[in-house]
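Each chain gets a letter, A, B, C and D, in the order it is written, and its residues are counted from 1.
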Amino acid sequence: MRAQSTTTVRVRYAETDQMGVAWHGEYFAWFEVGRTDLLRERGVTYRDMEKKGLRLPVIETHARFLRPAFYDDVLEIRTRVTSLTGVRVGFTYEVHRAGGDALLATGTTAHASVDAHGRPRRLPEELRRLLA
Amino acid sequence: MRAQSTTTVRVRYAETDQMGVAWHGEYFAWFEVGRTDLLRERGVTYRDMEKKGLRLPVIETHARFLRPAFYDDVLEIRTRVTSLTGVRVGFTYEVHRAGGDALLATGTTAHASVDAHGRPRRLPEELRRLLA
Amino acid sequence: MRAQSTTTVRVRYAETDQMGVAWHGEYFAWFEVGRTDLLRERGVTYRDMEKKGLRLPVIETHARFLRPAFYDDVLEIRTRVTSLTGVRVGFTYEVHRAGGDALLATGTTAHASVDAHGRPRRLPEELRRLLA
Amino acid sequence: MRAQSTTTVRVRYAETDQMGVAWHGEYFAWFEVGRTDLLRERGVTYRDMEKKGLRLPVIETHARFLRPAFYDDVLEIRTRVTSLTGVRVGFTYEVHRAGGDALLATGTTAHASVDAHGRPRRLPEELRRLLA
């Protein structure tokens, strides 16, 4: 069973659009919050990883939007590691309204492991152990 | 041959992140600019469509990020209609650096056709003709 | 002594720019989070106020940026009501790094009280009491 | 007479909020576009300046919002250099709806001149001449 975590965000006014819902592009910022928190819970921070020269840029992403999220809603972002190789890591996300069962959105991101110059770099063994 | 158009955006400083590249979530705003411009070139505006009670929320999206875009780069967003049914429309996007051949990113969006209350509504015949 | 509250936000990766700090425009979203939370703590929500036809658009804002905020920093947004008339309300903000004394930024926003059509509307007496 | 320029932006759907207007924080991104274009018209680019180690972070900003901007509006951002010392530069902005006289918003930004480590650095003489 791979690493997973749940984090919450509250929809900001700035994140809404004139359709009266959270703009779909904001979910990618929330997914990022989910990844950041999952790593922190495992004992590493993406901030420190970057300082040590490791970066995990998004190379592919996918999302489905099933139900809208509204201003001031508290959302649960459930993040899981779903794939892990020497130079790649993949995450899956589920967005629920807190306290409710309804699934609002799902998503995936795939990341390359690169150094500060954008060159491929193997994921450190310790990080792989933490995420596995 | 379905409707298509090319629009350009220049990467804003606000759109960069500390990796020194355009943040991946910004591409979804650029895709939106591409759709808006494609419709305008076909003689309709999404603004007017909304005023008449038609909305096309994104229900699914996918993107691949092949090469980074940098601050102040001029990007070409090439947008095409790739599917069209009575209640759905799909677009495909290619992002190139202007004046270059290199493909930076590709993406797709799928949209439901709904009324102002979010209920399914058939795409108006005139709009379907323009996009076909 | 007017209404005040403290809320926290964690700087998101999406909020950084290529200078390696939180982009200055993001502070206005955080100020908004501060206002939303101050109202909630006083027993009203801006969401409900809007549903009842009251809006408080920003008509003026000012901010000073003294020290940068970094990705993953936890920030305290200290929000206070600093002026209140029949048709205007003003807020002041201080942004501190959590657990530290250093002041990162200060700001103010002034808001008009308008109805759903943008016409001036007196602030409800109950709301004025809660904010006073 | 100091350097000035006019640039245009079209309001994006992503920039609207549920009040049905452009979110006030977006203006700071547009001001940035105005600065970027003013510099380019004077023969320098902020991108190149950064590469040479000069940065101009915003240390203070102010804006007044007089009339709303709407999705798909074309806006003119009129940018002027209004102050210039050895280590500071200030800009003023006016936002008009293109083809109209109405002033939608005004703003100012003040910038410190710093090196890549955030330490004060005198504005290069050539840049001062271009902006004066």
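The working rule: a residue touches a chain if its C-beta (ideal position, glycine included) is under 8 Å from a C-beta of that chain, and two chains touch if they have at least 3 such contacts.
Just so you know, these numbers come straight off a predicted model, no measurement behind them.
Engineer: Greatest Cα-centroid separation from chain C: which chain?
Structural biologist: Here the answer is chain B, farthest from chain C.
Engineer: If you tally contacting C-beta pairs, which comes out ahead, A-B or B-C? Let me know.
Structural biologist: A-B
Engineer: Need the CA-centroid distance for the pair chain B / chain D, whole Å please.
Structural biologist: Result: the chain centres lie 27 Å from each other.
Engineer: Would you kindly tell me how far, in whole Å, the mean C-alpha position of chain C lies from that of chain B?
Structural biologist: The mean C-alpha positions of chain B and chain C differ by 32 Å.
Engineer: Could you work out how far the Cα centre of chain A sits from that of chain B, in whole Å?
Structural biologist: Chain A and chain B have C-alpha centres separated by 23 Å.
Engineer: Taking each residue of chain A in turn, which ones touch at least two of the other chains?
Structural biologist: 13-14, 18-19, 21, 25, 28-29, 32, 71
Engineer: Quick one: which bits of chain A touch chain C in the complex? Just the residue numbers, please.
Structural biologist: 10, 12-15, 28-29, 32-33, 36, 45-47, 70-72
Engineer: So in the complex, the part of chain A that touches chain B is made up of which residues?
Structural biologist: 18-19, 21, 24-26, 28-29, 32, 50, 55, 57-66, 68, 118
Engineer: Okay, in this complex, where on chain A does chain D touch?
Structural biologist: 13-14, 16-21, 23, 25, 71
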